[in-house]
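Next come two complexes built around subunit A: one with subunit B, the other with subunit C.
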Partner chain A sequence: MSGVGIDAPGSTQLFIGNEAIARGALEAGIGLASAYPGTPSTEIMESLISVAKEKNFYAEWSINEKVALEVAAGASFAGIRAITSMKQNGVNVVFDFLANIVMSGIGAGLILVSCDDPSAISSSNEQDTRHIAKWLDIPLLEPGTFQEAKDMTKWAFDLAEELNSICMIRSVTRIAHARGNVTLGELPKKEQKAHFDSICPVVPTLPKFIPYPSAWLHSQLHAKLDKARELFESSPFNWYTGPEEAELLLITCGSCWLYSLEAVNALKLESKVGILKLGTIWPLPQKLIETHLGKSQKILMVEEIDPFLEGSIKELVADLPPDSPHPRFYGKHSGHINAYGELNPDMVIEAIAKIMGLAYQPRDPEYSKKAEEVPITYMPPRIMTFCPGCPHRAAFWAIKNALRLDGRDGFVTGDIGCYSMAIGPAGFFQERTMYCMGAGAGVANGLGKLGQFGFNQPVLAVCGDSTFFHATIPALINGIYNQSNFTLIILDNNATAMTGFQPHPGTGVTGMGETTRAVDMEALCHSLGVQVEVCDPFDLENTTATLLKALAQDGGPRVVIMRRECELVRARRDKKPLYKVHVDPDKCLGEACGCDRLCTRVFGCQGMVWDSESGKANIDETICTSCGVCADICPQGAIIREAV
Partner chain B sequence: MDMKVKGSKELLTEVTDAGLCTLCGACAGGCPYLVSYKGRIVLLDSCTLSEGQCYQYCPRTYTDMDVISQRVFGTPYSGDELGTTKEVLMARSTDGHIKERAQYGGTVTTLLSLALEEGLIDGAILTKMSDDKTPSAFLARSREEMLKCAGSNYMACPVLQALNGIPKDSEQRLAVVAMPCQVLALSKMREEPPQNRVNIGNVKLVVGLFCTWALSPDGFHQFLKENLDLPQVTKFDIPPPPANIFEAYTPSGKISFPLDEIRKFVMPACACCLDMTSEFADISVGSVEGIEGWNTVIIRTDVGAQLIEMAKEKGKLEVDILPPENLAHLKEASLLKKKRALQEIITRSGDRNNLLYVGLQQSIIDRLLA
Partner chain C sequence: MKTLTKDPLNLIIAGVGGQGNVVISLLIGKAFIREGYFVTIGETYGASQRSGSVMSHLRISRETEYSPFIPSGRADIILGMEPVETLRILQQFGNSDVITIANSRLIHAAGMEYPSLDKIVEAIEGLSAKSWLINATDEAVKLGDPIFANMILIGALVGSGIFPIDSKSMELVLRESFPGEKLETNMVAFNKGMELVVQ
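Right, the complex of A and B next:
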């Protein structure tokens, strides 16, 4: 891991945004950090956890985001600064607790970092969490540079304590994962002492940490926001660059500030176009904004995903006196900026050029054409697929075969994880619903109760092992309680693989690398009175047979655990392949086989290639992990699997 | 008539979905895509080949009977009630052990056992009933294993899937005990031998069984399971008319079901079958109505004749002439099946000139429809 813990104040480090946030938390003197992994937020916790022992604080991967924030709140209540980080979906999981704790206030500084994923590059959905801060009256900051990511995080703790409110930081993928210079500050040296003081300063008979009396606390919360607004008016995280009177004013935040800067620079419009960069996103610094609104009659809002600033600033303008400036707004409502997906400098250039009537060609059309052709010509076509050796490929092969054999048009409901790729050819198009974590089992609960309407399609819900703990257990218990007819398949690869192999309650290791008591998922399921079968997905025949047995059953849910360690985890540890695998060219009949290239056309493991010269299948030794599963699908027995 | 070889997609639309699949197993197991499972042919993945052996060998894709007959007998298809025959007789085993377990006269088990003893074959692909009376194909390599397969349960079984699963380089010489549809599929395979994994040359002997219809292995097995303690059942039988019953033998006696209750489980494809006596087999074997403990035997090829001769010489089979009234009745029943099937085919196709899979000379068709 990076040098987030380096004790060299004044020195400059090259940090990704997530490391910068982690460093800010260290400089703020956190005593506890908690998180559930989720792209693009994961490296915040990975950075913190790597220095937790050395810096004498506690860090954990929690079972889910809600518990993570509750863990952090516990520390805050006892006077210990705490941070919790998550991806945008995690904020939904936290939402209920968040809506309560915002009422009560906190102990020591408590920060929630949400990393949004515009374009949903690694997410099931695209979602703008800034609304949640506004909705719940939570002060919100958004860094536009890597230095700011560090400085803002550190300051957020002071802010939280001054306001007595949890504060949020919103980051996006291009801050979280891009890299820039960060000048380090001091790391605190003082010893911390935790003590839980429950006396409410206002009503001594009441506990301090309850959201009650709610209406009164709600009014207090608004007062906190007023105070935050005052503080934000003079925040160094908001600034303006450009002429005093501008032809066009860009109002922006976060990574879009960099795009705006680049766009104005590319158009050489520095003397005509101003940029107001905001870092304190909620509540908005009203006076500061009003001051700058007068700088131009045209205002372009540049922000990613939703028109958050756009709407909020229009609200401000609506409240301005009649003689105030009422400029024309451009942005998502006008169609100049997309209200979905990531932005980039070209998009901002295009918007500015359109508003200002400029003819701008970002690059020579001939060059553009060539640039587009290069990847098509030189890059091999690739599909989104499982890694070679991934147990999920074998699992979905067995699932597909079992469902076809069963013949009642059964299907798989799923959620987000590596196995989401089963919506496509990687998993033979088996996953037919894919929503948030645990939703596969939840949705299956409903489908499994439709017998009275003539529904007899078998329902298989899949979840990963980490997802089982995160959000599937309540859905399973609900199915048992309400006797819903479905099979839950737990794809147990012994890691939170998609986000980088983080441990979870079933792995027997904590985030800080200590051995702990593994939660036994079979024993847990057994204790619920549900039938559990465990199989190895690499044993295709047995896995298919196990599924067919489960499919043939009626009544409440049954559980099939398909257990096989993530090949990347195994290979990293064992440093040797499972088998030696090769294609026997004498046995492979090529096109004459009649198998219609089952191995490369249907099974589709990237470790197998069709050698057009010999007209036969072959193993790509640079990619193949020698899991040996393909040896069991070749009808000719031409793929040879030998012990190492 | 369309004689073109097509792919699995067409097989499914023209045969399986059209209710013509007999579950013979000829299309299954020869490739990774088609398998049989619980009374259905299942396509596990889409195959893009425009021509497949699955379609080619299916006994319910277009079949020119003259071509097949030429291949097996060296003569065009006669259209006679019992097909091409050398001799029709009746026989029974002399082996008490076999007779005890056999459905009727024990002729099939006796012949297979003899062929094995004499080194004519290394094994036989048979139908074996599991403890709960689920039929499955089984490669029997010893007399004991053959004995375990004796007896019928009247359910269709994709026997040829097992043949397709035997490696090409296997040098095992095989006998196959097959239903008429399976015998036809085997004949199609012999006519145009498979190019990939199956070595049809290994099949040295085809013993065909008489068949009026077969029962769905899924639906009928379910029915049996609901009505019987299956592991206790020792034998199933359909006694000759006018009994009109299906019987299950159990230690506590015979349990009868009206045949009409059973008929609803008949494979829909069987109504379109013209062949009651496995007309392209080396030897065809069935029961003899009214004479318990004997088999009707039709010798059709030299291979069949030599084996029967050997069985007689070695005293393994007791052979007698089939009483003329039995022969007449057999011919009548066989002809009736042909006529009914042809009518059914025309009803299904809706066109007298579209006989689906049946490729017959017009004169034979006219005779059957007369």
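Right, the complex of A and C next:
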């Protein structure tokens, strides 16, 4: 439904922040876009790639974020504007290249977008990317509205070219994935020509795209930041709203701008509280901030996630002459705003009310009392789980059983993907470590070398197919080289499923939909000299047996590929179920069985429900995808799987 | 054109991941954009999409842009796609004026026992100034796919008369959004929803 390519300047669309960023890139005339999917950033590239052919530019899903940025840099070096987008963890993956390219400068505009995930709603951490921009001396912008997400992205390319520096845009989940009004601008129509020219315009004998001589370039970089600061002083992305003299001044950025505005309105403090909204986050517009610091004796910093503005503005205040205003700061250090997790209007209302000594009542206390009296048992929590019909549920069922049968206290090290949910009941708590992409295999490498210390627990590392290509291959090769004792399980569902089924090097299709040579992961593993077994996780018996065989081996790593296409992808394509599945009420013994509701309580597929009236298991046909795996777990054979 | 009874109008769509929250909120949002409103939609994305509790917050205003979070206790209308999820939202965002339209068909939480539906409905009615409970899923299954429950609920929302969008405006958005044969069944579902609240 994305309409990012629509050629209707002046029309208003309802875009998510990610679409607005994509539209900004189109209006800036990009020639190349590259990304690795990651929530909440994915739709930037999804939107761009969906119009790439029509708009005559190149877009790709890259193998990982580092390669994605290098791909974009290649285009920039040849005079073609390029953008790369990623989630916050991805910025760690590109860090090495980023720390170097910032030293050299660029060709055409080059933009890195990081979508941070406050509260880690879809992440393993909630790191704040703004620090990386400050650390590496990279100019960084952060939109506070959907319109701004578009306008800022478009302008960022001009800025990057004017400064001769890569620039960053930081967005957060509630911009990236929220939706609002965006009025479109013109799409450029001009032809572009790529040519690589490495002559430095300042000193022709110096290389243009090499960070050398580093110390001199570092000083040049500081000059670029000074220039950026000067430009930011009058940027339309920074503004103030409120009285000339305020009892309290809020300084905010990003998603917190709208929370701040709503909080001030909800407390009816428009005539007493001012808001300075910043969009140019690094370097900070020093003079602008100094001017506004004089507006109030009290400053409340409202930002997600870390106290970045808070710390940076305090640094700035420390350098002011002694007779300058030194207001009192409230925020994360004072405990008025959380220094973790995402914020919302309620939290900002509470902070302001506390500072101003006001009471706030969002609704009638009688109603609140009635609402609070609703028994908690009326609202059972819904845990994170695999989709109905997900091959991972079957895979972890087999893993759990194989480890139990093996009996040596073996365990699973894992990483990032749908299968991360195996840290909880969805995967029967099998995944015991979960860090970053590829870390399951990396950690297994170390565990697999502890034999001399009496370590004899079998180690199973799991990764997904996309993760295998992204970051697991070096860990596998390391294990082969150093002969570490572990089994690598590749949960191959033929898609980057967690982020929306993007293709990857193993799928044989490019992001733009062209057929390409699929990288054969079995052949790749064979070429490394490791033993590879392939099984179908829906065949629980064979999968368990395959795992037991791998567990029984010693020496270097061996690979088990559990191959079964993501059910959502299959169902979308085939539009029919694999089987017909139902519970035979005569065979299901209910509570009398002794299995203690193995199907609904332990296997936990949402399609299986406990019918408290009949005291037996049942299948909710509106949820069940008829994968039929549950037929093999029922001790009574009461779940019937029939061919369709 | 109808006018907003309150500005901003705060609507929450509550459901279970996979029921189509995102589609509903986008269709409703588009109807308001067509009529020149400011619309902000906040969605639950990510891990909780996999059969977790999900909600979409819609803020509709003539005057300005609002944040994608409705403050606690400040919902005006709740469109519930599942009873327990409707109650969960009412408890946090409801108030003495809130109006609720909800699907009465339950979806079990994996591994949990579902509470008594009668008690859930009673609690929903007790926390709403006005409420409609309709079995949208059963009606949708009659149309061939439980997913049409979301179009039936949009129909109910428009048909209830509490919403500042009329059926003509909504129909225009549906025509834009669904190609060819898909449009027909979606229109049937939409009209069914309109009927269900009128009865």
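Side notes on the structure shown:
Please note the rule applied: the second predicted complex is superposed on the first by the 622 of 644 C-alpha atoms of A that agree within 3 Å, B and C clash if a C-alpha of one lies under 4 Å from a C-alpha of the other, contacts with A are read in each partner's own complex, and residues count from 1 in each chain.
Note that contacts are C-beta pairs under 8 Å (C-beta built on N, C-alpha and C of every residue); 3 or more make two chains touch, one makes a residue touch a chain.
This is a predicted model, so every value here is computed, not measured.
Of the two partner chains placed around the shared chain by superposition, subunit C is the only one that A:Met384 touches, whereas subunit B remains out of contact. By the document's definition of touching, of the two partners only subunit C reaches A:Cys605; subunit B does not.
After overlaying the two complexes on the shared chain, residue contacts for A:Lys370 are found with subunit C alone; subunit B is out of touch.
In the overlay built on the shared chain, the residue A:Glu290 is in contact with neither subunit B nor subunit C. Counting the residues of subunit A touched by each of subunit B and subunit C gives the higher count for C. Touch criterion not met for A:Glu270: it reaches neither subunit B nor subunit C. In the superposition on chain A, contact of A:Asp346 is made with subunit C only, not with subunit B. By the document's definition of touching, of the two partners only subunit C reaches A:Thr173; subunit B does not. Of the two partner chains, neither subunit B nor subunit C is touched by A:Glu162. On subunit A, the patch touched by subunit B and the patch touched by subunit C overlap at residues 601-602. Of all residues in subunit A, only 1, 12-14, 39-40, 121-122, 145-146, 173-174, 177-181, 255, 258-259, 261-262, 266, 344-346, 349, 362-364, 366-368, 370-372, 374, 377-388, 418, 421, 425-426, 600-602, 604-606, 609-610, 612, 620, 622-623 touch subunit C in the complex they form. Those residues of subunit C whose C-beta lies close enough to touch subunit A in the complex are 16, 18, 25-26, 29-30, 33, 38-43, 45-48, 50-53, 65-69, 71-74, 84, 87-88, 90-92, 94-96, 105, 107-115, 119-120, 123, 126-127, 137, 141, 146, 177.
Interface of subunit B with subunit A (complex): residues 30-33, 35, 37-38, 40, 42-45, 47-49, 52-53, 167, 195-197. In the complex of the two chains, the subunit A residues touching subunit B come out as 400-401, 404-405, 407, 428, 589, 592-596, 598, 601-602, 633, 635-637.
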